[in-house]
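Letters A, B, C and D mark the chains as written, and numbering starts fresh at 1 in each.
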Amino acid sequence: MSSLFEPLLVTVLLVNMFVLGASRLRSVIGASAVQGVCLGILAVTAHGELSFEVIGIALAAVAIKAVVIPRLLYKAMRDVAIVRDVEPLIGLIPSLVIGALGTVFAVVFSGTLPFAGVHEGSLVLPSSFATVLTGCIVLTTRRKAITQVVGYLILENGIFILGLSLLDAMPFLVEAGVLLDLVVGIFVMAIILNHVSREFASTDAAELAELKE
Amino acid sequence: MLLALVLLPIAMGAVALVVPSARVRAWLVPIGAVLHAALTVAVVIWPPPPMFDRWLALGPLGRLIVPILSGQFLVCAFYVPAYLAARPERPTRVFCACLLALSGTMSLVAVSHHLGLMWVGIETSTLASAPLIYFYRTPRSLEAVWKYLLIGSVGIAFALYGSFFLASSALHGGHESSLLFEDLVRNAPHLSKPWLHAAFVILLVGYGTKIGLAPMHTWKPDVYGEAPAVVGAVLAGGVATCALTALMRFVQICNAAGDGEFARSLLIVFGLLSIGVAAAFMIRQRDYKRMLAYSSVEHMGIIVFGLGVGGLATYGALLHILNNSFGKGVLFMTTGNLHRGYGSRLTADVSGALHRFPASAALFLAGFFAITGSPPFGLFLSELAIVRGAFAAGNYVGAVLFLALLATVFIGMGAVVIRVVQGPRAADVKREREPLLTILPAACCLALVLVLGIYVPPWLDALLRDAAAFVEMQP
Amino acid sequence: MTGCFIALGVLVVSACAALAFGRGGRAASAIAACGAVAAAALALPDAIAVLAGDVPAEVTILWASPIDELRFGLDPMSAFFVVPLVVLGAICAIYGAFYLDDQRARRHLGFPAFFYNLAIAAMLVVLLARDAIGFVIAWEIMTLASYFLVTFDHAQSEVRRAGWVYLIASHLGVAAVLSMFLLLGSHGFAFTDLAASGRADGGAVTVAGILGLVGFGVKAGLVPLHVWLPEAHAAAPSHVSALMSGVLIKLGLYGILRTTTFVGDAVPWGPVLLSVGTIGALVGIALALYQRDIKKALAYSSVENIGIAAIGLGVGFWATSAGEPTLATLGFCGGLFHIWNHTIMKGLMFLGAGSVLHGSGTRDLEQMGGLLKRMPRTGALVILGTVAIAGLPPLNGFASEWLIYLGLARGGSAADSSVGLPLLFAVAAVATVGVMAVLCFVRLAGIALLGSPRGDGAAHAHESGRGMVLPMTVLAAFAIAMPFVAPLLVDALTPLLVELGVEAPSSVAAHDALVDLAYVGIALWSGIIVVYLVVRRLARRRRESETWGCGYVAPNPRMQYSGASFAEGMHRLLPGVLRAKINVPYRTELFPPPVDLRANVEDPFTRAAYEPVLDRLARRFGQLRWVQRGLLHIYILYVVLAVVVTVAIVSLRDFWGGP
Amino acid sequence: MTLETILATLGKVVVIVAVPPFLLGVIARTKAWFAGRVGPPLLQPYYDLFKLLAKGTVVSRTTTWVFVAGPAVALVAAFFAAAVVPIGGGRALWAFEGDFIVLAYVLGLARYFTMAAALDTGSSFEGMGAAREATFACIAEPAFIMGLLAIARATGSLSLSGFLGPSIVHVWSVASASLVLVAAGLLLVLLAENSRIPVDDPNTHLELTMVHEVMVLDHGGPLFGVVLYGASVKLYVFAALLVRIAIPIAEPAWLAWLAFLGGLVVVAIAIGVIESAMARLRLPYVPALLLSACLFCALALVLLAR
């Protein structure tokens, strides 16, 4: 089972690159769903024995990250009737380059940290840190509010990866709490997004800049 | 008993949602606050045993922070009925519920001794405060909420990430990783140093966003500028204090791990940076509510700088948390009155408030002198302790920079406050009626800060010393 | 000491009572005035007892942390400053009660009464405090209370601006003083501990001394730091400016004297105070010459007199370090007496200006004239005040300058040339200041009181009530009596001189000089009275007619010399930077339209130094505004960068074994 | 108090009271002699005084008691100054340490009340005179004090009778150059203070050009008499100072008195000569003249303090 570990982390990294490169909003949301699925499988494979607890977490993760949230975002996308594609502030190629740099930095940084225990020298930390950085890049460079929500989602995925490596230490309750908070967070953001689209007739970041010094 | 501390306000919030009449619902908030305060007093005098195998416990830090939170909430709660009465047309159902829920989540953060639980507490407080900020339903407040949520969530995500780093620092330090503070502190010397350093940095930035330290403070001016005054008071006094409690727990872990020096240098840098940024944006500020936000950033900077200096300054920082939360209460509530009276937040439109709203304007001016650390008020003593600590620790550059920036803040803020309070008396201006309930809470806050400036009661002093010793725990 | 504590209690209680009965107006002022007088009656005996050689008392009160303990004491140095504080405080309280009386209907008189008594109480605590924290707390309460007094009628914009400048200056002053205490406070905050850590040599002690000089110099009004003083005194109600000018700025000098006891001779106090005093005196009187507002002119004259007092103290310190006790006694007695004299004279002058303002409704010199005929009692007292403040012989102004002159002259003629010359030129400087003071105060008295009224306010001026004239008469009596009482007080100062570091203070020289001066006073007074009566008798057969205008039949008041033209001669001789910026648009048309002359009489230091610097600083801060541009992305970028950069720095430092 | 000292003091008082107007007479006679006129009799000032004291006076409607106090205080101050300045080779009537400072400030008191009396009338001319007098005094006073201070420093004593007494003879021999400078400076101060030609024209009729005369324009009859007498005593004071510096003979009493009185007359004649030889300086140049007096005395001070 643990043999599946490394390839899944690599797929997560690939999905990161895809998200940074994709120009259409629909494909970005699809990619985040795929990443959710990978995380679900990862949750199962990360631990030897298949206790009831681990399966529960995995199923919950897949359900939320791959099904509930993407549908929510698709509905929001339809209601707001926005232009379908993603208008990045700095263009796709530069964001890809920064993404790559981020991944390199993640690898270098995790090199400095000793990694004891069962995942000796594994890709967990670099991939987690890289996903977090990708989420941040999406958050800071995409003009649309909905893409920012997706960016936040990818950021949460990155953190979830590191959470998995601690699964045996972290009790089930906290894991569930984290997932629950993620859902509520996204849910509130979606509500606010509807209000924003009704008030400003577009979720473009330019309108949302009235409060300034 | 501790769980009651958390669940009581949330229950009251649920009741507030259900109650039909607006007047009763408005009065539910102060009643909830009184009950919560009574419970707090009971909890502090007869410390209950920890619950849920030490997830909820009342350590020395908790015994100081919980009374501050409930006292501050109590004062703000009594402002709410009069505040809502002045706005009959606004739906207050969600407002009262979220306000009470916020108090509950804040108490959760203060009493939780588990990293993850504390994170959940802070996350829910963010979500609970979002609708409060959106109370005015204007496009500007909508934009403020959106920014608050986005930046808050990114910050909280990093806080979670940092917690995982801390857990894995225990895991990779050769011990079983647990997120309970007692365990973390007990085997702190064995935590692996690089993981701990990375964890502390990410946690500092994560919870720093909730505290409002520079450069993560950018949401504060927008949120405090648009949110209702009483929400601003609760956010500045309550939520920021919870985030500070979380930060203090991690400083304690660093101290216990013998890495105090590393943590302190980071805190000093972020502290001075915050005071500097606040001072820079205070000069010629056009909106007196945004000015309060920068004042909040400045005071968070002062507290973090105090924690960074350590020794006597930690005692000063803790006392400053207490003084600041009540001092902020005075300023926010009086600006609320002035904003409602003049209908505008810009200093250009508001001048000579002393003629129209003598009570609020006088309290606003006294609050200004209190918050900028003029002696008769408590903030002077805490800032004096911090500077004294800095001089004793030989950190002359930091101390001189600290005093210079405080002087700049005084000048920047004073220009705005003096302009608002004093001014020509137009012929038709007459003294307007100010409901007692909008004045009394601010006056009580000011009285408390004034008393703390002259005489710190021994029991409070004991609380402060225990908390300071607790944070400064050496390996 | 117990008298002082009871006085404090009385002051605070009467202040709160005045606030409570504020609505009644007259009741509030009356309560406050009684409180101030009672406090004077209680505190004065204590102070005089300590001055007369009683053993100084010391009280330590244990307090909650973080203050830990508060020490109070009354030693000769504090007692010396308590006397003018309580005396002038009581007199001005009585005057203030009547002065603000006609605003009873419009304003809530509880507040000025409350802050007035609070200010006196705070000043008393400042003088009694024996530890740094109690001192700084009382000092700031004094600043806040006096700030609220200065901005009493804050409806006018220049009053607000004056209050604001005063607040900033005092705040920066307190910051400097606090840093000094912290630098010296390594052993503890009691004054004895500060002195102990002050003896250890090293740069820190000198820096602490300079910080103390600057911090207290702001409050004392030493020249480059005096910018708040003229505006604050012009803005405040007259009895408040009398109190501030008479006592508040003296606490600045008290602070400097305390700093000298802490820091010892790590700072060369003699030359420093001498030069600062000389510059202060010259610049102060030069700026007082062409002021149009009489209260501003009086404020600048306070700057000058503080300069002269500083010169006296400078001579004292210089002589102590040079080891000449008689000279030190002369200098110190001169400087200290000048503080008392200035309290009396300046109090009288500000109360006089208040009475003139009350009567003629204006402070502008060019609107006044002929007030002596319409306000005979106030006029006579103001003329006596101007003679005293100009430092002319029979009155007290000259008594203290006379000792300073002797100190300087003796020092100058005895010492070798490297030290002697500066002292001799200091004598010349003080002489110049004296004669310019004569010009300045003849201008004030002449233009305001004599001649014919220039404005209709002055034409219908009415004499002030007994309540305002009586306090002024008391002060005038002090001014007249002081030169004759001075010889007796000299040996009362010896314990104070010992505290200032003079080993064996021999007050013989000072005593003899003052006795000579007393004889001169008697000769002059008797001569003037006799000759005046004779001359009046000689000129009894007189006929009234118009003033001789060289045959011009219809003279009108505008033809008289105005304040500006009177000072214009000397004003042109002043160095460029001190002159007022007068701009007259030069019209070349054949029939030029009417043109108005605008003189910017703003303080040259503010205009040339402080304002440009502060403006540039504010603009520099303004440029930082783009950080908060409103774009959410940028804000999130800040958070992300904060994480990435800090993590990078930390890990790099750890990786390469940083400190 | 032996009989002989009483006689000496009486003699000094008589000199102080009687001699001053005579100096005015000498000046007038010298100017007349220069102009080829016979000139008024030497005792003319006395006749004027008695005439004026007997006349009635006209007083302006705007004046107050200050108008009368002006001349009175001026006279008292002049007499006090005369009492402090050493007379006829011996000591002054009254000598104490630092009396030259009191002398300067008492003259300041006189200046204060004269100017106040001028402003009291409310006439533009008197205001102009007062303003000019104040400005010139601001520069003359430091010169006066520095001059006396230089001699005080040289002789080591701080009293007028002390340093203008016999000890000045030694200074003449040691530092005669600086003493000459001081004498020149004090001469200029004399001319400025007593409204003599280079600074002010005493008997012009054009009010716009006057300084001292215009201040007493409105004083008539006995008031003008007192003013005149005060001015003459003030002239005597400055002349006596100059004489005691220039002619330090003290030994045989009669010779000292003769030298002193002769010196006074010589100074009066010198003033008359200067007034005849020069015209009045334009007003902006007067400060320059007085500044040179300051420089003389300052230079003397520096030389002596070396």
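FYI, a residue touches a chain if its C-beta (ideal position, glycine included) is under 8 Å from a C-beta of that chain, and two chains touch if they have at least 3 such contacts.
If you're wondering where the values come from, they're calculated on a predicted model, not measured in any experiment.
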item: Of all other chains, the one whose Cα centre sits farthest from chain A; value: D
item: Chain occupying the middle, per Cα centroid; value: C
item: C-D against B-C, pair bridged by the larger set of C-beta contacts; value: C-D
item: Between chain C and chain D, centroid-to-centroid distance (C-alpha), Å; value: 37
item: Euclidean distance of C-alpha centroids - chain B vs chain C, Å; value: 43
item: For chain A paired with chain D, centre-to-centre distance based on mean C-alpha positions, whole Å; value: 101
item: Centroid spacing, where centroids are CA-atom means, of chain A and chain C in whole angstrom; value: 69
item: Chain C residues counted as touching two or more neighbouring chains; value: 625, 627-628, 632, 634, 636, 640, 647, 651, 654
item: Chain B residues counted as touching two or more neighbouring chains; value: 146-147, 150, 154, 194, 198, 221, 281
item: Multi-partner residues of chain A (each touching 2 or more other chains); value: 109, 112, 136, 139, 148, 208, 210-211, 213
item: Chain-to-chain touches, reported pairwise for every pair that qualifies; value: A-B, A-C, B-C, C-D
item: For the chain A and chain B complex, residues of the former touching the latter; value: 109, 112-117, 132, 136, 139, 145, 148, 152, 155-156, 158-159, 162-163, 165-166, 169-170, 174, 177-178, 181, 184-185, 188-189, 192, 195-196, 199-200, 208, 210-211, 213
item: Touching residues on chain B, where the partner in the complex is chain A; value: 114, 116-117, 119-120, 123-124, 127, 130, 134, 139-140, 142-147, 149-150, 153-154, 157, 160-161, 164-165, 167-168, 170-172, 174, 176-179, 192, 194-195, 198, 221-222, 225-226, 281, 290
item: Sites on chain C touched by chain A in the complex; value: 625, 627-634, 636-637, 640, 644, 647-648, 651, 654-655
item: Interface residues, chain D side, partner chain C - complex; value: 53, 56-62, 64, 66, 68-69, 71-73, 75-76, 79-80, 94, 96-99, 101-102, 104-106, 108-109, 111-112, 115-116, 118-128, 130-132, 134-135, 137-139, 141-142, 145-146, 149, 152-153, 156, 158, 207, 217-218, 221-223, 225-226, 287, 298, 301-302, 305-306
item: In the complex, chain A residues that touch chain C; value: 89, 105, 109, 112, 133, 136, 139-141, 148, 205, 208-213
